[in-house]
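All chains are identified by letter, namely A, B, C and D, in their written order; residue positions are counted from 1 within each chain.
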Amino acid sequence: MNAQASSLTAQPGVTASYGRSLLGRIGFLPALLILVIVGMSAVDPQFYGPINILNILRNAAFLTIIACGQALVIIGGGFDLSVGAVVALASVVTAKTMGVIAASFPGNDALIIAGGLAAGLGSGAAVGLVNGLCVARLKVSGFVVTLGTMSATAGVALMITSGIPVYGMPQSFVRDFGRAQFFGLPTAIYVALIVLLVMVFVQRRTLFGRYVYAIGGNTDAAIVSGVGTRRHLVGTYVLSGVLAALTGILLTAQVGSGQASFGGDRMMLQSIAAAVIGGVSLRGGVGRVEIVAVSALFLTILGNALNLLHIDSRLQPVFLGIIMVVAVALDELGRRRKLRV
Amino acid sequence: MDISARPPQAAAAPPLLELKGISKRFTGVRALDHVDLDVRAGELHVLFGENGAGKSTLINVIAGTFPPDEGSFHFDGEEIRHLSPQRARAIGISPVFQEFSLVPSLTVEENLFLGREVSTGGVLRAGAMRKKARALIDELGFDLDPGRRVDDLSRAHQQMAEIAKALLGKVRLLILDEPTASLTERETGRLFELIAKLKAQGVGLIYVSHRMREIRALADRVTVLRDGRHIRTLDAARVTDGELVELMTGRRIDVLFPTIPHAPTEVAVDVEDLTLADGSVQEVNFYARSGEITGIAGLVGCGKSELVRAIYGLEPIVGGTMRIEGTPYDAPSPRESLTHGVAYFPANRVAEGLALSRPIRENASMTALDLPAFARFGLLRQGAERGLVGRAMERLKLRPPNIERPAGALSGGNRQKVMLGRALTRELKVFLFDEPSVGIDVGAKLEVYEFMKQLVEAGAAVIVVSSELPEVLALSNRLYVMHHGRIATELTGDDKTEQNVLASFFKEHLATEAA
Amino acid sequence: QEKWFPMKIYDSSSGTPKPAEYTPLAKAQKPYNICVLFPHMKDSFWVAVAYGVVKQAEASNVNMNLYEAGGYENLPKQLSQFDDCMAAKADAIIVGTISGAGLMKKFEEAKAKGIPVVGVTNPLPPNALPAANYVDFTAMGEVTGEGLLAQSKPDEELNIVTFPGPAGSGWAEAFNEGFKKAVAKNPKAKILGEKFGDSGVAVQLQLIQDALQAYPSMNVIWGSAPTAEAAIGAVAEAGRSDIKVISSYENQAMLDALNRGDILAFATQYPVGEGAIAIDQAVRLIEKKPVTALVQPIAAVIDKTTVPKVQMDLVLAPASWSPVYSVKAK
Amino acid sequence: MSDLDLASPAAAAPAERRATLLALAWQAALPIALVVLLLGFAAVDSAVLTPGNLVNIVQQASYLALFAMAQTVVILTRGFDLALGPTVSMVSVGAALAMAAGVAGGQEPGTVLLMGLAAGFALGAACGVFNGVVIAYLGVSPFVATLGSYNIAIGVATTISSGRPVQGVPDLFSWLLYGGSPFGVPAAIVITVIVGIALHLVLTRTVYGRALYIIGTNPRAAAVAGLPVKRLLVATYVLCSSLAALGALMMTARTGSGEPNLGGSLSLQAIAAAVVGGTSLAGGRGGVGTAVVGALFVTILSNGMNLTRIDGYVQMVVLGAIVIAGVVLDRLRLERRG
């Protein structure tokens, strides 16, 4: 078993063994989500106003994209603390690259945007590659490696920008991509949907997805069954890096500037929370991205609801914390039909 | 070595597998030391040796999991270098490992195809795989649902999945490392039929087991390993059990089971209408007396383990009453049970018994830390602990006798002794053994049985749950047979025969079918 | 940077602000080692302070080392950096505190060791240090409030939501208080809500989007610079061009936004000037020369009308300047 | 699985003595690296090795060591405490508010001091009970449980303090936990050393400590052996939060005010320090020694980089690289131990 993955969660003393009933498979989350939606709609009509729904969906989209990558890493038995820093790095790298290309090829928007996107996604892939290689080659736990790269990546992002937002991206990038809408929905939602669909497909129908489950579920079994574990482990980290970078780029396009303040610890913790609340086991081997997306939506709606309910922003974390624990505890108790020690 | 009674074509052809001078060193341990081995097509070759002799290591080398440090490897007459697990499977070497190589969170079917998925361009072809999986399981005659997750399966079913996995695709050399350790008679029977079929098809087999009966029944040739060295390869037909055991251990062991003088006195544990939350045990009435060994036998998943686990407090109880020496004992918990003098020795020593990276001393005293002999006011008395555990381990002949080494450094049999050592660290009246001899070698088994004998002689109540029929039959004074969570029969004296046990499985089986 | 000085300031050493002009010494007598501590260097505001510090250190010909703590959540780190500065035997320490109250013990220690300390930019408890220069954040919040009232028509309803910044940071609370005090003077101005949150653009954006829904009548967004930056896009997207955006402090984005007409106004405390003055105060303390104990730059609201009049090189570092963390005396 | 790899040697090789010497050197790999690091920095700037700076380093490290010890006890059980930082903030403002109230109510200095300590430890213990109960009895993973209490503690800290520093921490409190220096040793060092020794004894000499290691190594075996796993887990989270509370009180004494943001990013820093020192996130391995070595390592690195004038952002990159290098070193060390 992957030592560090099991470390994070294995609950001493209790192992839940439960049947794969529908509830066991999807958990309480969708029910809870519907409860919150119905409750909020009853309390505040603003909640189901079209703009509010758009806001929720867009913010959930950012979280979904980054949480999908995180979920994959966790399923593979790892942990990616560096995603928040990658969001920042990708943001500034994209903006900076666009600025540089724009200076040499003014007006050539297609080239500028393509270059920026490539650089941004590339930076995410690079961080993911470092994470993956350290985990797979040096056999260091993902938690520690990504803790290290988190610090280093954030440092590099700040070194590039000195903390000053990076401007100079072509207007078309911001207007036609970041803030554009198709059929009334912002781009980010489409991107998230595509990512989600691709990830669902990857998880269910591809060798890579299958191997990630196997590696997270029992690394030794995967090795003796002839699965190239290293390659696939590296793959999960690279994918997580790229998806985090994608989130960074979408945020950059929406805000209109490259910012080293994007992401950070907050986004990292949120992405893990979304994955874990969405049923991804920190022990590895278990989890589905579609439930993770539901959980991302749940967390986003929760934040939105607390704001709409005019709850003092200093007290909001208290509510958020309690609801989070209660949601997961309910889920856990629901699954624990049979106690085994 | 002389060869006889061999299919003529096999004798003429070069051996299927030929290993020469294989060595393998782990940090500080020489697990294999210039071992030779040859396996012919259509023969079953038994690897025999004590715990830690290097059998599993040799198998891992053959399966491509560990590269050997030196030695040559020929398969089908061809020299093979840099064998990887993939390559091994591709040339038809199929291992069934001692430690399961299944991924618990995947389904049986997904596990069968792990590493060999049917795919086009990285995309899985689920339909094709499902069809193949069903065909294979049907052919094997296993009662196994390919869609179930492995962690929902009992250990026996996991073992079936493991065997099915090895038989998927082209097999030329099948390796079975203690495949029957968690199978009961019926599945074992199925497996033996299968082995016969494979042999007839010219498949070579390597088989590891500590059960003499199986070796007798199956082996064509036997290779004995001791301390990582090749001792001898013998023709199975021309060697006696005694000789094999002597070769293996370097000493004579005459009897496999000691004679136990049962002298039952009062009832130590009894349960009435016991029903468990998960339904694995239903309305069971059962008692065990001091001074005798009470056995529990039964098919896979019949709930025999669950029964003793419930008594100890590891399974939630929903109905019935339980008494210890006549006083009611409800809502048991491990801690309570120990203070009441009830101890449980789990079947899975790695998962439930030992903290492998901690010293033997700590593992042995784990259950006794609440006693004043080991700790006062929450402070450990380490000197006393060292003395008490040291003496217990001496009495059990722990090898090597150093109690400060991590428990993970011990062989299977010695790990079992550490568990038994716990029985000597506190006053106990009832001993619940779940599969006490699983995975341990003949010598160690005898020591465990001797230990039980001493307990019974000292007036304790011993309950043995075992899938190995000869073992429970030989050890127990009274034997319960369980079926589908209920007690099917209770056998004593001359009724306690293999035929009667099997018949009661069968009778019950017919009854349930009819109902 | 001769053209920076003399700079118009308030001399608040006596407790009451008196208009004055500040002129630094020409050159330090010796190349002293001056240690500078900032909460972070993650926005152009602190880069502007650093610019002032670096330019003045070069002018005064002193050695300067600048350390940043990585953000307002890292008070323990700043305390350690302060210790490190003392251990490195700095001749003087300039500190932009994460929490003024939180560094009081360090100030006492430095005093005991005879190391002069100068406070820059972030407010301190009264008489905490021999010399400091900062605007009162509450006062600065007030200035922005007054600027808002001045820019609105007398009978205009102002439905305001404030986005002060991170709860618990101290400065966010102080700004907010001053702003509320100022707008309370106008009965038509109502504070609908106060939304604290991390001072990143992404977090602020989400808060604003939610506020647009939660407070449909909101027509003024007042908050930190990242708030204003996030608000520009969110307001445009929601089609609410009627919403006025005001920022409580300055950065490059604010200046650009003002020039584009995206925001109504922002406040400035002349951070470049603050940085420069801090170096001079430190040199004066080391050389035991007369020093203005509390310099307060005159905070101003910059809007379309005042932009041409403001000396911009005291507000922000030139876009081409990239931060330098140390200066070596020649 | 990984547990099985721990099997170690039976055979006594002829070169055993040399091997054990080498193994010993590997055992001390991290402390040796520490000394090398220190000498390296000293080569760049001699101020690094002055007695003043050495005391400075140890004093700074003592806070981090305390927090790393707090994380270590829960990491030993395969958990961790993300809420440690916010707990520190909450305890800081809670204790400061209690003391300010005491001062305002005209209480004796001694009473005020006790009120502050009591409030601080009570808040810390409350956090620990919450974490422990949610993890042990509700079966929520330590990550989610402590992320929940992370949010709750932040909310409580900023609400009760209105987000501003709480002043009015009496001098006696600051003197006791920070300013005082018996025999010239700063109070923070004295307290951390005493607590460290006490915790070491608890971990190695008591039933509780023994149980902790067994639970961390194999929780199921611990439960089967009759150890009260759930109660011990709750006790461990309480111990963790109480150590955090002690650190929070010491830092409050150091700042002289209750700071709603005091904990900031301490949670991850403390985990990093513990892990760099050799505490295993897989549970069952580590102790006071690993926490202290890790804290010293991180502190020396950052002090050395400050004194040798390395830019802040470069420091972040170096720190990241060193964290990884430290753990790689630790893994090599374990491999060599055969």
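Rule of thumb we're sticking to: a residue touches a chain if its C-beta (ideal position, glycine included) is under 8 Å from a C-beta of that chain, and two chains touch if they have at least 3 such contacts.
Bear in mind that the values here come from a model prediction, so they are computed numbers and not experimental data.
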> Where's the contact count highest, between which chains?
Replying inline: A-D
>> On a C-alpha centroid basis, what's the spacing between subunit B and subunit D, in Å?
In response: 43
> So how far apart, in whole Å, are subunit B and subunit C when each is placed at the average of its C-alpha atoms?
Replying inline: 72
>> Just the number, please: Cα centre separation of subunit A and subunit C in whole Å.
In response: 34
> If you look at subunit D, which of its residues touch at least two other chains?
Replying inline: 1, 154, 158, 163, 220, 222-224, 265, 311-312, 316
> Considering subunit C alone, which of its residues make contact with at least two other chains?
Replying inline: 41, 167, 196
>> Two-or-more-chain contact residues of subunit A, please, as numbers and ranges.
In response: 158, 218, 220, 314, 341
> Every pair of chains that touch: which are they?
Replying inline: A-B, A-C, A-D, B-D, C-D
> Contact residues on subunit D for subunit A in the complex?
Replying inline: 1-2, 77-80, 82, 134-136, 138-145, 147-152, 154-156, 158-159, 163, 215-216, 219-220, 222-224, 229-230, 233, 265, 268, 271-272, 275-276, 280-283, 311-317, 319-324, 327-328, 331
> Okay, in this complex, where on subunit C does subunit D touch?
Replying inline: 41, 65, 67-68, 70-77, 79-81, 83-89, 98-105, 125, 166-170, 172-173, 196, 325-326
> Which positions of subunit B touch subunit D when the two form their complex?
Replying inline: 26-30, 99, 314, 333-335, 337-338, 344, 346, 350-358, 362, 366-367, 369-370, 374-375, 378-380, 382, 400, 405-406, 408-409, 422
> In the complex of these two chains, what residues of subunit A are touching subunit C?
Replying inline: 46-47, 49, 51-52, 55, 59, 158, 162-165, 167, 179, 251, 254-257, 259-264, 266-267, 303-304, 307-308, 310, 313-314
> Which bits of subunit A are touching subunit D when the two form their complex?
Replying inline: 1-4, 6-16, 81, 134, 138-141, 143-145, 147-156, 158-159, 218-220, 265, 269, 272-273, 276-277, 282, 312, 314-322, 324-325, 328-329, 332-333, 336, 341
